[in-house]
Structures are given as structure tokens and as C-alpha cells.
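Below, chain A partners chain B and then partners chain C, in two separate complexes.
Right, the complex of A and B next:
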């Protein structure tokens, strides 16, 4: 096992960190994204002062950012080992179906239902990971197949168990969680901001846990090593098959959490939960610097990447951009954002060469 | 390792979670404000709007769809006729409840204060209505009512989809001479409105006492025209000779079935939905036996009038959440040129009907 830790340290210390040391602060992708989000928010705020309306704009905006960040983290977990989870949305739907059953049929409380959902998500994710590890089939194919399987299964269950293709039982606390902000949480006489939804706490906890796993634990380092090179990781004594299962289980668990957040924010648990998750699940992490090939993840980047797309969409909404133009503008702004990022990287590289 | 993460995040989260936080019981969440107390006086005819200048109306469908296009022009008619402050039509919800909620909130932030909404998700939309009501806005559920028995909007003005599907199935059964096999083509299976449509068709089939049988319902083919065309082609190829009638209760399957049957030369009777130009042409040429049209113009016109009365505080609902059928009309070759008059008459009738649900100053 000492081999594993030496290999980890070698990978950890040498190349990437050295590369980071050479990079000036302004070329850091995360800082670039942060500046972009702030600038765009300011621009939209100037054009439409309503952009800073706490109750009607900032609160729902933060609720969306929180939810899609968790969706992004679900994808990030498998991207860390160089895999993909195309069933991320359907895993959320499956987990929430179990949660819905627990509310409707077993009369569980809000949080025990969430726990059941998280366990279901972890289990379905672990199943995907197990199939991938066992058969050696590409994660793209396995999760795509799983997506189809769940696409057929979920409506069947909903049709059999519900009248309206949705579980409409609302356990106590669900309505409140949807509307409550940090202003409803007080320590003594000091209360939080009314613009920050309580649902955002779930995203903060998810970010903290995922961040802790990837930065502070051996498991996280082993996942990233598996993503960098499966062969090297195996030679270092890392049980890569088990790490694949763990990464997919984490992805399933986070997808379940995102599904729960969506169910809370829209109002009921329905079969179509997660149908819109797949593209944003890649967009946040990739914009934030997580590599598709594996071996590198960025939790803050996922938050900022998600924030960027959500802020752009909200701003365009407020500017009254019509349906035809909205997606064109969204695409163009993202393209410009990514291009400036590339320009920054090239400039910093040139500067580095000149210094040498 | 290259993970960009700071210990501070963990600390912040931990502090937030364990620092003895308490949830303040504000008691104001979810409360509704139904407007001023208006002196009660019931009108027997349509109520005239006194001042709509402070009313900014937003008509919000679930996404882009030909059905809602009349809302756009009717909205402008509302603006001039009722002298409303402003009217907007926003179809950027992309059939996603989360996106629709965002669109609604953005419009509210820009000063819109009366909302006519086609909710994307009938099981979720009551939560959205409750949010809007709690903020003091007038809300009407247009073209679709929330699932279940409760409607949290001020009113719901919509086609009774089960009745419309029942009428369509009855028209199909009549077209095939009361005997044979029919098939029902419709939209998203996991949508409560689709479930109601399926129930409506089943009811009409059951009434024939076994003379008419129904093949398994074909669902989820209203996403786009090509999906519907493929499903119709597959259906005609595999069971075309056994089928005597096709009843459609969604737009794309209706157009695809009309085209598909005309192309195949099979003696199948098609009953469509809505009055798209293609479908009306099919009725005139005899390729389509009948269509069941709805009343989108009436929904936008009467909905806007009612929302303006409520938001200007001229009237309040006597029975908030009342559900009214905006009407569905069977159109055949016999009445294809005159059905719109019937629809306009229904729209006028709706205003009179709603007047009895209002309490006005």
C-alpha cells in the first residue's frame, strides 16, 4: 500500500501543482469565471435593476444554482475517473420515485424519505459502476442502457401507483423548505439573508463533502489516480474496480439529492424529474475546469460554471429575449466566455515563456 | 493533486449546520391575500372593467406550441380593448416547470401583476399559484387545470380534456358506423391531462357495450411531428387493415394521422384535435372525419378580462378556484365553415357565466 501512496504523491505533487505555480492569478479558470459571473450580474443589474430583486429574482436564481451545482457534482464524481453518467437524470427520477413511494405509501417524514432516496440513488449508481467494472464495457454505453431501462420502468411504476403520474403527498416541512430562506434561520437575534434559500444549504453540504473526499481523503486521491491512468493506478495497488463502483455510487447519491431539491422547488415528485439534468450536469463541471478525461476535478469551478449559465439565462429572461434568440445568445455568451478563458491561458503561457 | 477547494467551505458549512440554528416560525408563508373586500353586488351580465391601466398582464404558456399562438394576438386585443397597462406573451418555458417558474418570477420582478398561466406540470402548478397569490397577484389557470381536486389559482378556464376526448371518441365511433376497432394516439403518458384523455376515450368505448374495441393507447408521440409520423407509419404498417378509426387527442399525432392515412389510402376514419389549417383542409376534402376544436381565443380573452377585474380590485371571486370549461366543439364537413360562430358565442357565454362567480364594487 505504500506504493499506492507514493504514486499518489508523485502524481499529486509534481506536474499539475508545478503547472499551477507557473500560472498567474488572472489566468486561473475559476477566478476568470468568478469575474465573468460578477461582471455579467452587474451588467444585467444595470440594464434591469429588477435583477437584484431579492424575493423574485435572487432567491429563485440561487435555488437553481444550488440544484444544478449538485447535478454537476453528480457528473463530476464519475468524470473524476474519466467516466460519464448519461443516466444522471433518470437516477434522480428513480430515487425520487422511491422517496415518493415512501411518502405516499409508507408515510415517511420529509428527511427519512430523503434518506431512502439517497440510498436508492447510491444503490442504482453502484449497480451501474458494478456492471462497468465487471464487464469492462464503456461507461457511456452502460449508463445509456441504464437510462433506457429506467425510462421504461419509471412511468410503469407511476402509472400503477398514482392517478396523475406524480406522488402528490407532501410530508410536513416540504412546503416550508421550498419557500424558506436564511432569514428564517436565526442565531439569537441575527438572522440570515432573505435572498438565500434554505435549499442552498444542501448544495453547500454536498460541496463540502465532495470537496473533503477529493482533497482530504485517500479515497479521493485514488479516484483521481484511477482517472489519470487506470493502469498506473492498478500498478500502484489501487483496487480500481472498487473505485469505479464508488464513483458511480457517489454520482447516484448526488443525483438523488438533486432530484430531491428539484421536487421541493417545483412542488411534487413526478416521473419527469431529472429529464433536464443531463446537459447541465456536464456544463457546470466542464466550464469549471473538470476534465472529461478524468484525473482532475474542480468543485468551486462546478459552482461557478453552473452560476454562469444560470445567471446568463436569468438575465436574458429579464431582458425579455424571445425564445428564438434566447438559446442563440446563451450559446454565444458561453462561447465568448470559453474563448476568453483560452485567450487568458495562452497569454499566461506566453508570459511564462518570455520570463524563462 | 489539483483539486481547487478551500477548507473554509467545510468550516462555513459546519458552522451553519451546528451553530445552534433555529428556524423562525414566521407563519406568513403560504398565506394568501385575496384582495380587498368588495361590496357584494352580483351582476347578471358581463361586468365592465372600470380601470385596467394599473394591470400588467402576462400570458404564459408551457412552451412554444401552435395551440397558444392565438393568445399572442388576443393579448394585444385585450390590451387595447380593456386599456390594460401592458400585456406580454412569453413562451420561453420550454415545457419545464422549473424554467416556467423562473419566467414567471422574472416577469413579476418587472412589474407584471396578473398572470394567465398554462402550467407545465399539473401536479406542481398549484405550488406556483400559491406563491403568486401570497405575493398579491391575480392568477388564472388557463387551458389546463391543476391535477387533483384543488385549484389554488383564482379560477381555471380550460378545456375539460376528458370531455373533449370523450366527444372525439364519440365522433370516431359515429364515423366508423358504431362498430370496429379504434386506436387512440396521444401525448406524454406521465401527464395527468393525458390520463384524463385516455379515460375520456375509454368511457366512450365502454358505452358501446363491446361493439367497438380499442387497441392499446399509443402515447408519448406529441414531442414533434416526425416522432408522430413514425409512430403512425408503424401503426398503419402493422395493424392498418384491422383499424377502422383513429382518435387523436394531441396536435402532432393528429396532423401525422391525417397525413399518414391519406397517404396509405386505407379506409380509416381519423378524428383530429384543434383547427390547424392542415386539419381543416383534411375535413373539407374528406380525409379527416372530424376534429374537436378548443377555445384558445376565449381562454385568453375572458382570462384577461377576469384577471384585470381581480387585479384592479374591482371584483373578487366568490368561490376562489372555480373551474369553468372553456368549451370544445366537434367540427365536421357540415359545420366546418360556421363552427367559429359557435365558439364566439361560447366566449360571450363564458363572460356571463363568470359574472355570476364574481363579487364586484
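Right, the complex of A and C next:
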């Protein structure tokens, strides 16, 4: 339970950051997002009471939100310094490949395999960061090229090591983790809700750690400063090259965690893991108010942005809107949300100018 | 002339020639037979165009993530119009082309109006268009369009030069002239190179951005026409694998992501190199994944080399003009 209390602390600590930016309350994106998520959930629940079915809808919904939040955090880590990671999905696939190898060939346990995967993700992220820092080439290009490289490499390894493009060895505990909810954790007589999957704990831990890094530690502050202005950061004695590497390593590590969560929830470790990560990885943080230009991140915003898109996806799905139309609505929502955000920023900037 | 000899294009040309000779030797002369050459060029037309579509927006300092979605959406629209609604071929192709150009225009207008990063705008329009494409064709493959169009797609001059490849080259030539010789083209490059300087000289950056995105859409419209003409049918997966190659070609060709560069020839040559990698892969019957792996390595290698070269050039200019060291002391 200490985990969730850390998370609440992270929530409270987000407030001073917002206050520092002196945005009026109505310009706070996260409140708007929260209201939207609640309203939409209520709306879908009224239209289709099945929306609140704990086992069939809420449980997978929360599992998806948890996973895509971690994907969003992976992108957020590099957005904090104003970089992008186009290879999030492929980094997840790469680390899961290593995890799969560790299960298949070295017979690792579930969590030591996860650890190996996280290390692999961190390493590949750090490599991307190192290339960017060393050469000064745009992060977009470097991660794009890395994406190409991994896209080619991963299927080669899979065909070399497996029979049907998936690692079939499942360490004990993997299937349980997929289906267990908080109802399976009891403290005395009090059990958790059966609607909350245990996988969500991973996301909470990730949020708490990332939130702690960005709000409490010197490292986080330095990352954000690097994001606001590389030159100013360099002049104030921050080793920006090293911060770039750290940000990308964090991104790789979180991508690996997201890949692990996807592998658990689909029940197999295959080459296509993470193929659909790119869009959600940007959706969550950007909707939540993280700046593309760097210098400002919002961990709770990422959760809420992810929750919004996932709720919409699930709700429209239940309403019988075909798969084909989902993308149309998601794209339009993204555009509308960002345009309103732009309007809000312009308005609050105008106020700020007047005050000055 | 000496400048050209040192340019990226020259390097690429040399790589192309060496690669080609190597392939001819490896295939024991098979590759220069009319049929192999025709196939080689046939599958080069669309990659050249999608590379150019990305190059245009890169020239103004923007990105277009929707290349595949615009192309796929336009192809699907054309296929459905011809097969399901019996629209005559020229009209259907024109509508598809205009739809693609309009999609590009919408991208540009949205970027200018909302001031959101082009990356995000095109990410959103990509999502929307993918949905529209899926709604148009669903899970089926539309192939009931007139034979005449397919004949156009597979026709080759002298049995060697596919018509669609010539179309792609004409588009490349037109684009090159447009960007280098016309006023809107020069303005576009000026906006890409230095927006502030461009604005101070009375150029509308907004207009440049809109023109670049519209041009990108139009080029993709042509790419969609060629795709419909040359492929056996139109389905939802068309355009799905365009995004990465669209960036690979201009970047290998030497385009700057920050804008202001035209590398039509470089983009075309880079498309050749990627195609050669694919041919080599087929020649040695390796896994298709190798192509992506090699292309990734080449992209990374070429940007790193490009960076090294610019740095060396900068150093040289700094030595020549000592004033510059004072002006740009920190960098």
C-alpha cells in the first residue's frame, strides 16, 4: 500500500509545478481531462450498462490504461528534454525478445526475465541517447533509423531461435499474473477490487518512480532544464550530453516494461509486440499537457490522457461503432483537444502579459 | 563542377553505380536483361514519389507522418470509385489526386491555424485517414477496375522503361524546377532555411507551409495513381509501409530536417539505393527483414557522416574568418 501513497504524493507535488507556471485553474488541462473521462464513462455506462461489467470490461480496460500509461511515460521521458523516441514500440519488442530468450534458453524465472528485459531496454535506449548526444543528430532521425534497424533485426532473431515466431516457454506465474486482480491480494479479511488487474501495479510503480524523479530529484530538474534550453542548461553547468543519454535510457526501460505488460496480457512473446505503441505513446502525454518542445512534463496528465483515449475506444467499441471508425474519431478528438489547448494557452499567455 | 564532385549527390551516384555493377556481377549478368531491369524500375516509381513527398515538407522544416495514410486513402478512394460506382477511369484518378492534394492542404491549414507542431497534426490526420481508408475498402481487396489502367501500369517503353517510372521522373523534374526556379518555390525554401529572415524579407511563412503540405499531398496523389495502376488490387494495407522509406530517402539524400534544402536528385538516388538493397536481398535469397536492417544502418551512417562533414566545414570557415569565432563563441 505504500506504493499508492507515494503516487498520491506525486499528485500533490505536481501542483507546485503548475503554480510555478502561473496558469489559471481553467487552463489546467488535467482537470478538464478528469471531468471528460468521468463524464464519458458515465455516458457510456448509461448507454450500455455492460460498460461497468467488472470482469469483461473494466478489468481489460484498466489493464490497457495501465499498459498505455507506461508507453506514454516512455515517450514522456524523452519529451522532457524535447526529444522524441519513434522506436518505443520496437524497443519494447527488442527487450521482450531478450526476455523471451532468457525464458526459453536460460530458463529464467518470471521476474528475473523481466529484469533482463528492463536492462536490455535501458541499454538500447542509452545507445540511442549516446548516438544523439555524440553526433548531435536530431533525435527523430536517430530513433527512426534505430526503428528500422530493430524492425529488421528482431524477425531475424525470432526466425533463428523459434519455430513459429514466438517464444513459447512460459515461466510459472505468467498466466496467473495475466488474470489475477486485486481480489487475489488480501490483507486480513480485506481484499481488493476484482476489477483492478494486478498488472496495474506495474504502472503505479512506474508512475511513482518517474514522478519522483521529475519532481524530487536533481536529475529530473536537470532533465527539464535541458528540455527548456539546452544552451542555458549547459551554461549553468549541467552535463547535457549525459542527461540526453539518461532520458533515452529511461525511455527504453519504460518501453521494456510496457512490452512486458503487453506480453503478459496477450500471453505470448512475439516479434510484433509494440507495433501499435507509437500513436498512443504520443497521445497520452500530449493530451495530458506535456510539451513537445521539452521542459514540462505531466505524469498525471499522461495517465488521464491515456485513460481518455482508452475509455473512448472501449466505449465506442461497446456502442457497436466499427473498428474502422474508431481511428477517425480518435484522430479528430486529438485534433480538437489540441486546438482547445492552444486556445487556452493563448488566453492564459495574454493574461500573463497583462499582469506584467 | 568541383562543388558537385564533393556533394552528397555525387557520393550517392558513385554508390549507386558501384552497387549496380556489384549486383550485375553477382547475378552473372542477369540483372541487365530487359525483364529484370523493367522489374527493378517498376518497383522504384512509388518509393521515389513518397520520398519526394516527404522531401517537400522537410524543405520547409515540417514533417508529414500522414504520407502512407494519404496515399492509401487516395488509392482506396480511386479503387472504390472505379469498381463500385463505375466512375470512368480518368475522372476517378483525377478525384483521387484532388483528394490527396486536399488532404495535404488540410494538413497545412491545420498546422498554420492551430500552431500545433506539424508532427502532431499529421499524426492526427494520419489516424483519421487510416480510419477512412479502412471504412472505404474494409477487409476486401478491390480489383474490379478496367483492364486499361492495369495495362498502363505494366506498360514499358522498349520493354525496359516502365511508364510509371517515367511518370515518377517527370514529377521529380517538375518538383525540382518548381522549387529552384519559381518564386513560390524559392520562398518555400527561404521559409524553411530561416523563417525569421524570410518574414523580414516579406515572405509569408504560413503560405509556404500550406504550399509545401499541399505539394506533398499532390505528389502522394500521383503515387496513389501509380499504385492503383501497377498493383493487382487496392486494400487496407496500401500505404502502411510507406512512412519509414519516405524519411529514409530524403535523409540519405542529404535533406536537412531543419528545412531549407532541396535534394530531388539525392532523394531519387537514395530510392535507387534502397531498391538495390532489396534486389540484393532477393538475389541472395535472404529474409526480407535484412532490407530494413540495412536501410536503418545506412540512414544512421549517412546522418552521422553528414554531421561530421558539416562540422568540418564549419571549422574550416571559422579558421578562415576569425570574426565568426567571436560571433558564435559558445557553439
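Methods note: the second predicted complex is superposed on the first by the 302 of 356 C-alpha atoms of A that agree within 3 Å, B and C clash if a C-alpha of one lies under 4 Å from a C-alpha of the other, contacts with A are read in each partner's own complex, and residues count from 1 in each chain.
Heads up, the rule we're going with is that contacts are C-beta pairs under 8 Å (C-beta built on N, C-alpha and C of every residue); 3 or more make two chains touch, one makes a residue touch a chain.
Note that the structure is predicted; figures quoted are calculated from it, not measured.
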Kindly classify A:204 by the partners it touches after superposition: chain B alone (first), chain C alone (second), both, or neither?
first
Of the two partner chains, chain B (first) and chain C (second), which one does A:326 touch, if any: first, second, both, or neither?
both
Looking at the overlay, does A:212 come into contact with chain B only (first), chain C only (second), both, or neither?
first
Quick one: classify A:159 as touching chain B (first), chain C (second), both or neither.
both
In the superposed arrangement, does A:243 touch chain B (first), chain C (second), both or neither?
neither
Dominant toucher of chain A (residue count), chain B or chain C:
B
Considering only the touch criterion stated at the top, classify A:317 as touching first (chain B), second (chain C), both, or neither.
first
Counting only touches as set out at the top, which of chain B and chain C does A:83 meet: first, second, both, neither?
neither
With the touch criterion stated at the top, can you tell me which chain A residues are shared between the chain B interface and the chain C interface?
154-155, 159, 322-323, 326
Chain A to chain C touching residues, read off their complex
84, 131, 135-138, 140-142, 144-156, 159, 231, 235, 279, 282, 286, 292-293, 322-332, 334-335, 338-339, 342
Inside the complex, what are the residues of chain A that reach chain B?
8, 11-12, 16-17, 20, 30, 48, 50-51, 53, 55-57, 60, 64, 154-155, 158-159, 163-166, 168, 175-176, 178-180, 183-187, 191, 201, 204-205, 207-208, 211-212, 214-215, 220-221, 224, 262, 265-268, 270-272, 275-276, 289, 296-301, 313-314, 317-318, 320-323, 326
Quick one: in the complex, what on chain B touches chain A?
1-6, 9-10, 12-14, 16-17, 19-24, 26, 29-30, 64, 88, 91-92, 94, 96-99, 101-103, 105-106, 108-111, 121-128, 131, 135, 147-148, 188-192, 194-195
In the complex with chain A, residue positions of chain C that touch it
63, 110, 114-117, 119-121, 123-132, 134-135, 138, 244, 247-248, 251, 257, 287, 289-297, 299-300, 303-304, 307-308, 330
